[in-house]
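First chain written, first letter: the chains are A, B, C, D, E, F, G and H, and each begins at residue 1.
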Amino acid sequence: MASEKYLEKLLEDFKNGKIDKDRILQELKRLPYQDLNFAKLDHHRKLRRGQGEVVFCQGKDLSHLLPILTEFKNRGEKVLATRMKKEVYEEIKDSLADASYYPVSGILIMGKFPEPVYNSLILVITAGTSDISVAEEALLTSRFYGHKSEYLYDVGIAGVHRLLDHIELLDSASVIIAVAGMEGALPALVGGLVSCPVIAVPTSVGYGASFKGLAPLLTMLNSCVPGLSVVNIDNGFGAGYLASLIAEKNK
Amino acid sequence: MASEKYLEKLLEDFKNGKIDKDRILQELKRLPYQDLNFAKLDHHRKLRRGQGEVVFCQGKDLSHLLPILTEFKNRGEKVLATRMKKEVYEEIKDSLADASYYPVSGILIMGKFPEPVYNSLILVITAGTSDISVAEEALLTSRFYGHKSEYLYDVGIAGVHRLLDHIELLDSASVIIAVAGMEGALPALVGGLVSCPVIAVPTSVGYGASFKGLAPLLTMLNSCVPGLSVVNIDNGFGAGYLASLIAEKNK
Amino acid sequence: MASEKYLEKLLEDFKNGKIDKDRILQELKRLPYQDLNFAKLDHHRKLRRGQGEVVFCQGKDLSHLLPILTEFKNRGEKVLATRMKKEVYEEIKDSLADASYYPVSGILIMGKFPEPVYNSLILVITAGTSDISVAEEALLTSRFYGHKSEYLYDVGIAGVHRLLDHIELLDSASVIIAVAGMEGALPALVGGLVSCPVIAVPTSVGYGASFKGLAPLLTMLNSCVPGLSVVNIDNGFGAGYLASLIAEKNK
Amino acid sequence: MASEKYLEKLLEDFKNGKIDKDRILQELKRLPYQDLNFAKLDHHRKLRRGQGEVVFCQGKDLSHLLPILTEFKNRGEKVLATRMKKEVYEEIKDSLADASYYPVSGILIMGKFPEPVYNSLILVITAGTSDISVAEEALLTSRFYGHKSEYLYDVGIAGVHRLLDHIELLDSASVIIAVAGMEGALPALVGGLVSCPVIAVPTSVGYGASFKGLAPLLTMLNSCVPGLSVVNIDNGFGAGYLASLIAEKNK
Amino acid sequence: MASEKYLEKLLEDFKNGKIDKDRILQELKRLPYQDLNFAKLDHHRKLRRGQGEVVFCQGKDLSHLLPILTEFKNRGEKVLATRMKKEVYEEIKDSLADASYYPVSGILIMGKFPEPVYNSLILVITAGTSDISVAEEALLTSRFYGHKSEYLYDVGIAGVHRLLDHIELLDSASVIIAVAGMEGALPALVGGLVSCPVIAVPTSVGYGASFKGLAPLLTMLNSCVPGLSVVNIDNGFGAGYLASLIAEKNK
Amino acid sequence: MASEKYLEKLLEDFKNGKIDKDRILQELKRLPYQDLNFAKLDHHRKLRRGQGEVVFCQGKDLSHLLPILTEFKNRGEKVLATRMKKEVYEEIKDSLADASYYPVSGILIMGKFPEPVYNSLILVITAGTSDISVAEEALLTSRFYGHKSEYLYDVGIAGVHRLLDHIELLDSASVIIAVAGMEGALPALVGGLVSCPVIAVPTSVGYGASFKGLAPLLTMLNSCVPGLSVVNIDNGFGAGYLASLIAEKNK
Amino acid sequence: MASEKYLEKLLEDFKNGKIDKDRILQELKRLPYQDLNFAKLDHHRKLRRGQGEVVFCQGKDLSHLLPILTEFKNRGEKVLATRMKKEVYEEIKDSLADASYYPVSGILIMGKFPEPVYNSLILVITAGTSDISVAEEALLTSRFYGHKSEYLYDVGIAGVHRLLDHIELLDSASVIIAVAGMEGALPALVGGLVSCPVIAVPTSVGYGASFKGLAPLLTMLNSCVPGLSVVNIDNGFGAGYLASLIAEKNK
Amino acid sequence: MASEKYLEKLLEDFKNGKIDKDRILQELKRLPYQDLNFAKLDHHRKLRRGQGEVVFCQGKDLSHLLPILTEFKNRGEKVLATRMKKEVYEEIKDSLADASYYPVSGILIMGKFPEPVYNSLILVITAGTSDISVAEEALLTSRFYGHKSEYLYDVGIAGVHRLLDHIELLDSASVIIAVAGMEGALPALVGGLVSCPVIAVPTSVGYGASFKGLAPLLTMLNSCVPGLSVVNIDNGFGAGYLASLIAEKNK
């Protein structure tokens, strides 16, 4: 792994005549450019690494997952594993004794959640109870990145007073993640009530003309409420990660 | 026009020997079956006729429209003409001296609106000001059919308090027509607040991923609020007509 | 639960000096606004509550459903449970001895259907036999809300005379729920024959280019027959509920 | 133009030694294969040619159209030109003195319509008056190919009795072309009443969720009525041509 | 079953005073109109009935199918059952001893195929071997209705010479049913070679952007070859039935 | 406008006997609830108001726009008007002497841009030059809300080195707005290089299968790069407003 | 199998009087035209045959596959079988002792890969690890046709430096096959870096709004980078085959 | 512009003590990485530059175009300008005296076409005459890059013999660009006849269910003929450029 140290050494070797010009030119060219720019390119990865690694389990075999997770365990890294099916967890739980599994969202955490290091509140809300699996993925992701995060579930548009009852909680948030399937109107509704950024997460929960989340996705994109943006259908992790980036600045 | 009276006469002529069996059989077969069932089949048209005729102007040339409207005028019929462009109205207004034209919705009324004959209130609401052209089509249609109809515009989801300020008006309606483009969430929002049927009208107002009204259409269909149904994009006439049918029963 | 009574008491306590101005202001602000407006907001819920509770079973685990249903049973509430799979019913039927299960639609009723309290007829018709599961959901929903509801199945457009044979029945209805998959033309056909509101329900029954109900949905939305509106694909409950709202006014 | 005669000559020249083996092999290989199979490949073109030429005008400049039409005129050929805009006709009418132009469908006929040579009836029906431009294209196409064709317009599903009044006419047809926009249900309705093939033509006439003819197209494809097939949106020529092929067999 | 005879009797009873005017009016109104027009309405069903009954098995339980099939068997009717899964056949084959089952297409025939009563040839062709299940449904359907039908499989556009090798067979057909998935170009290709009507059947065979048959469906609709029409995706029965109607006229 | 002061006065009047219980109850019920909660509900509007008003000009007539803008001018309010066509500006420029118009984006500013009050950088980048009109809308919106905002145009994926040349600028941003049409890959590319939130704006710039911005919209939603969210097609204002909300926290 | 030799013999027999003119004409007509043009038509098949046969296993039963493969084995042909499920391989592996199976892509090779006969490099790259199954299909296909092919996996847009690290490898390729799901931006990114043709393969890997590969497909089609073309979703074989055709020219 | 020379100088200055370690490290980090890799990154641009510049005119104002073109003219560069409308050309032709304009495709060439420098043939074929504008864009693009290119127009699938007549021409091509709208089957048809790569270009030419080129696009993607890939709808330039890249290798 090349690094700034290695670069300094190269230059010194060259100055001291240990290597000649051709050699140092050749080395410099072979140096992966990201090593030269290491600090720049990986600013955003630092955040992730600071808290540990992320492993996406969907579509991966146990035979791939177990070695990865075991290696991280042996290195003592914190790990956030997403979309791990219950059957997979059952197979590996004995190998990963200290891991916590959250069956609703399929999240597995190796190591403990960090103490919150940011004062700002990330609030995760859902329109219905069926949206909770996606919401919990967002919630636990943001906690994994050191945030104080709370949730408020089942406050969809069908009973607007349920949402209005919690207007002080909404108002105290730095970022709100609004998760909704079916008609997907919750993010626009809450976006009209608060002054913080709202991250809208459409879910594939719905029937008939929901078309696996297309309906709430379009709803959220077309909202005339400013201050709102959208991530992919069911993308709880993406919403939790983005909320962490935004809220981190408010420390 | 055959009618039950004509049928009775036929039977009497047959009994009296004025016509023979072949002749009456032939007549019976030629009798348009709807004449036999006249009352049944045309119950629903009576409503329309009772108030006058409806003429859809969209896509029709002036050369088709003027003779139709002139004939109705000469017969003294009330007429509701929809989607008449301003240019068309300018051409024909001198020929139809007593007609009233509503440029926002492109509605022309020949004759006066009837006095309301139903006590129940039809309320037409819109999410934004751009939805008013569709809403006015619904409003005037329902008034044409003898209803007391009111409106409440620009109460969309982006400022939910604007809607909540008028909750008593919402509550006093027998049917609500909720017109919305963009994200189309208004019908679901109002459906969660009231106990009367809500007719949702998506409009083609919107930008980008609205896809000419597809987005609000899907939103409205996927609403989890019961008591709500949907008509075609921009179909203000259809909503006004249906609301009239429903409210008429509450007389 | 705050209520108008509680508000009156607050005011009297304040007048009598039992509480001071700061205290009453604090109380007034904490009063959930819906309590002040309780009667308004929940008008529409009364209808539902008057008849009992509704439980949507689709996508819910037995572990969630059984406690909910058991609690309602213990409270003696009437319950309409929709989209309950046969396997689920088999598991719980011993715990809910007096419940009736309708396997075609997956409806479970706890308690008896109420005697009809409305004279007006809700008629549920289908284009084919495959649409009956959705139609039965609509039918039983409307009966649950106290309506006299009848049905007429398999009268689709392929044999228009089958429908015309029952024109008197159609004519006697206050609301018609027309359920159709495939080409979805039944609602428009019946809408042309009757004068009452028609609620169109597209179903996902179909092959090839039906695209899981998209084809009949578009058919129904584009009908030029006025007096017709549409609910989501397969949404029998929504149609039954809306029909109940409309027919209720005709008592 | 090579032909069977030319082939025979080649063989005789070869037998007589006028040409050698290499030469005849070379000739045989160069013979466009379709010449060998001329009769086979062009059976279907004979029909068209027998009646004259077809020219599709849509998207073609006047500078392309006029020479083509003039050449045909000079040769004395009958020509069916489709989708010719009125402006184009105005420009060329003086050059084509004996041509007849039908402005509703944009059809131009050079030469007269042939006397019908087939007894079987092709019947063209439409759901509404806005579908007539497409229907007339079908009607005139079939007459151009020597058929006795009639029409019945504005018999859509909204007033089923209008269609039923003409059941004897429907019954006397060999092929029915059913043209409909909006909800597109007419072909299925008529297909349920008759025993002849029905060619369904969706039109782009409609509003909102018609999506330029997609809605009636899907309706027609999903019809459960057998004996029905579909051509492209607004494709009146295609329907008229296909109907001619079918009806021709009934001579 | 009312009939013209019954009508005559009614009239005589009325003339003879056996029944009075009110009674005959009541009777006339109750007479299902289709009884008056019985012969007309059911012309097209005769074809089907003449050959026996059709039963669509897809989506139907064994508990529904077996009684239907048994009843037909007891009545000695010929039956064409479509889309019967192998498992279903295994369950019922002992009850229906003389039935023949075709596993590729899932067709079951009770009774024998009729001797062909028409001279004209119906030819069923496919682009690939995966399209054969749909093609066989079309082939057997047309044989069930008394046609002489042949097939030519795996002659898709990727090897155009395979199709050209059989140009005489193509040329001898009265109707061609061209079945294709993937890019769906076969019907247009064959339509350019022959002079008979071509019925295009898109299949859901394909990968990736085939979108379950949408790609070949659009291909077929957009073909510039006249003489071609399209049925629903995988609708072999519909194509076979329509081909029978067309070819029947050529007897 | 009711306020807390008015509420206090009501209570005092009641205590002092100036009004009775019925009267105060009536008053309390009529008090718009948002007045009680005024501070809460309008937090987010304060931001907007603090900087002046926003007027969306698209689809509005000059006859609507001019009075609104004139009123704001007379009140001395700052105004951000979006999507104003050049023709409209030409008509009104004399009436609004001190306004600045930006023809590329169609933005009109009445009053001056505020001095930046936030240190954090909002960076607006585009893939191509055709995306600049949308980007400028975002840029000017964020400046209107007091932000220091810069831009970097034409750094799309086709020449990745153009983007990499500016990695330090990218790295110094607090929020990046990435605007792209065609294949829409820029936001994902930049999201992989930086650690700040990225707001992706698809544009309708493109040809063929871009389908008016659907292609880049899907690209952006499906990006596997975390830290990225999406607004509606061409929604520069929405992106600029959201970026302002996020960056404001970093003051 | 007719051939040029047979044609010569026919001509000689004719010249010698062994057959008469009618007979030779009949023979000439029956000669499959492709036999005359054999060399032309099958140029492209030579490539495939030169290396052996290709068998597409998807959707084929074991009962169809085994005889085909066994026959090829007995003939000693090289075979490339694609999309063979593991279960199928398990069933047949004993019968095909020398075959090699690649479980990631489901490729089975009977016989050995040929030694590369072309110097030009085909490089297969993927955006993520989930795209490898499609990439391996492309890689092995090109090796089967005699190419020297290498791969570079997991170099997607989220970490652009991973790709840039291998720019020399990219630069040395004659053709690049770029495989990507999700947002599908890799082909455009690499197309901006290299000067050789890039074949883009969208995969169905993705979540939510990927819509089974539609999102990356549109991304790839809309790329503004020239030198790039697209094959069907998941079509690794097609990409490998096309790359072989292109690279073959560079021998 | 940094270069390898500058890097060498830096190293020597460092060795000679002219700059210290911190300074050289700082310099090295600021060195734009593409300067180090300059030759690599712009390999692909060389091809384009070698022949001159490309200017896409679509969506650009005359005020932008004229300066760009004038500058190139003054520099004496060859320019290929695409999608220039006739009106634009009329405005600028006097300023660009030696330019050639091709109105069918909207191509403008400044300077002469180069003499072909490659022997291999690029053949551009179209299904119909309406596809020629796109085809000519491809043809002229490839000639601009020094290729010998020919064309064959109007050989679509409706008359397969027209294509087969030219099989020797098809066979002599190194790359074929097949342009087709409507059903889009030409590329698959020709792909089955030849052994060279085929680049398929869907066009937006079509009616009804063509949906602006979506239908031929899907057709081309789903072709089962290997050796075929697809570019964006109407993207003649992209096809011509890619064909040039492929054919260039065959010099």
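What we mean here is this: a residue touches a chain if its C-beta (ideal position, glycine included) is under 8 Å from a C-beta of that chain, and two chains touch if they have at least 3 such contacts.
Because the structure is a prediction, the values reported are computed rather than measured.
> Could you tell me which chains make contact with subunit A and subunit G both?
Common contact partners of subunit A and subunit G, which must touch each of the two, are F, H.
> Have a look at where subunit D meets subunit G and say same if over half of the interface residue numbers show up on both copies, different if under half do.
Mostly same residues: over half of the interface numbers shared.
> Report the chain whose CA-based centre is farthest from the CA-based centre of subunit B.
G
> Taking each chain's centre as the mean of its CA atoms, which one is most distant from subunit H?
C
> More C-beta pairs touching across which pair, A-F or C-E?
Result: the pair with more contacts is A-F.
> From the mean C-alpha coordinate of subunit C to that of subunit F, what's the distance rounded to whole Å?
41
> Taking the mean of the C-alpha atoms as each chain's centre, how many Å separate subunit G from subunit H?
So the centre of subunit G lies 25 Å away from the centre of subunit H.
> Roughly how many whole angstrom separate the Cα centroids of subunit B and subunit H?
Centre separation, subunit B to subunit H: 55 Å.
> Spell out, as numbers or ranges, the residues of subunit H touching 2 or more other chains.
33, 41, 164, 193, 207-209, 214, 217, 221-222, 232-233
> Every touching chain pair, please?
A-B, A-C, A-F, A-G, A-H, B-C, B-D, B-E, B-F, C-D, C-E, C-F, D-E, D-G, D-H, E-G, E-H, F-G, F-H, G-H
> Write out the stretch or stretches of subunit G touching subunit H in their complex.
Checking each residue of subunit G against subunit H gives 37, 40-41, 43-47, 120, 164, 167-168, 171, 174, 192-197, 199, 217, 221-222, 226-233, 237-239, 241-242, 245-246, 249-250.
> Flag every residue of subunit B that touches subunit F in the complex, lowest number first.
Those in contact with subunit F are residues 130, 161, 164-165, 205, 207-210.
> If you look only at subunit G, which of its residues touch subunit D in the complex?
4, 7-8, 11-12, 14-15, 21, 24-25, 28-29, 33, 36-37
> What part of subunit A is in contact with subunit G in the complex they form?
32-34, 41, 58-59, 202, 204, 213-214, 217, 232-235
> Using the touch rule from the top, collect the residues of subunit C that touch subunit D in their complex.
127-128, 156-160, 164, 182-185, 188-189, 191-193, 206-211, 214-216, 218-225
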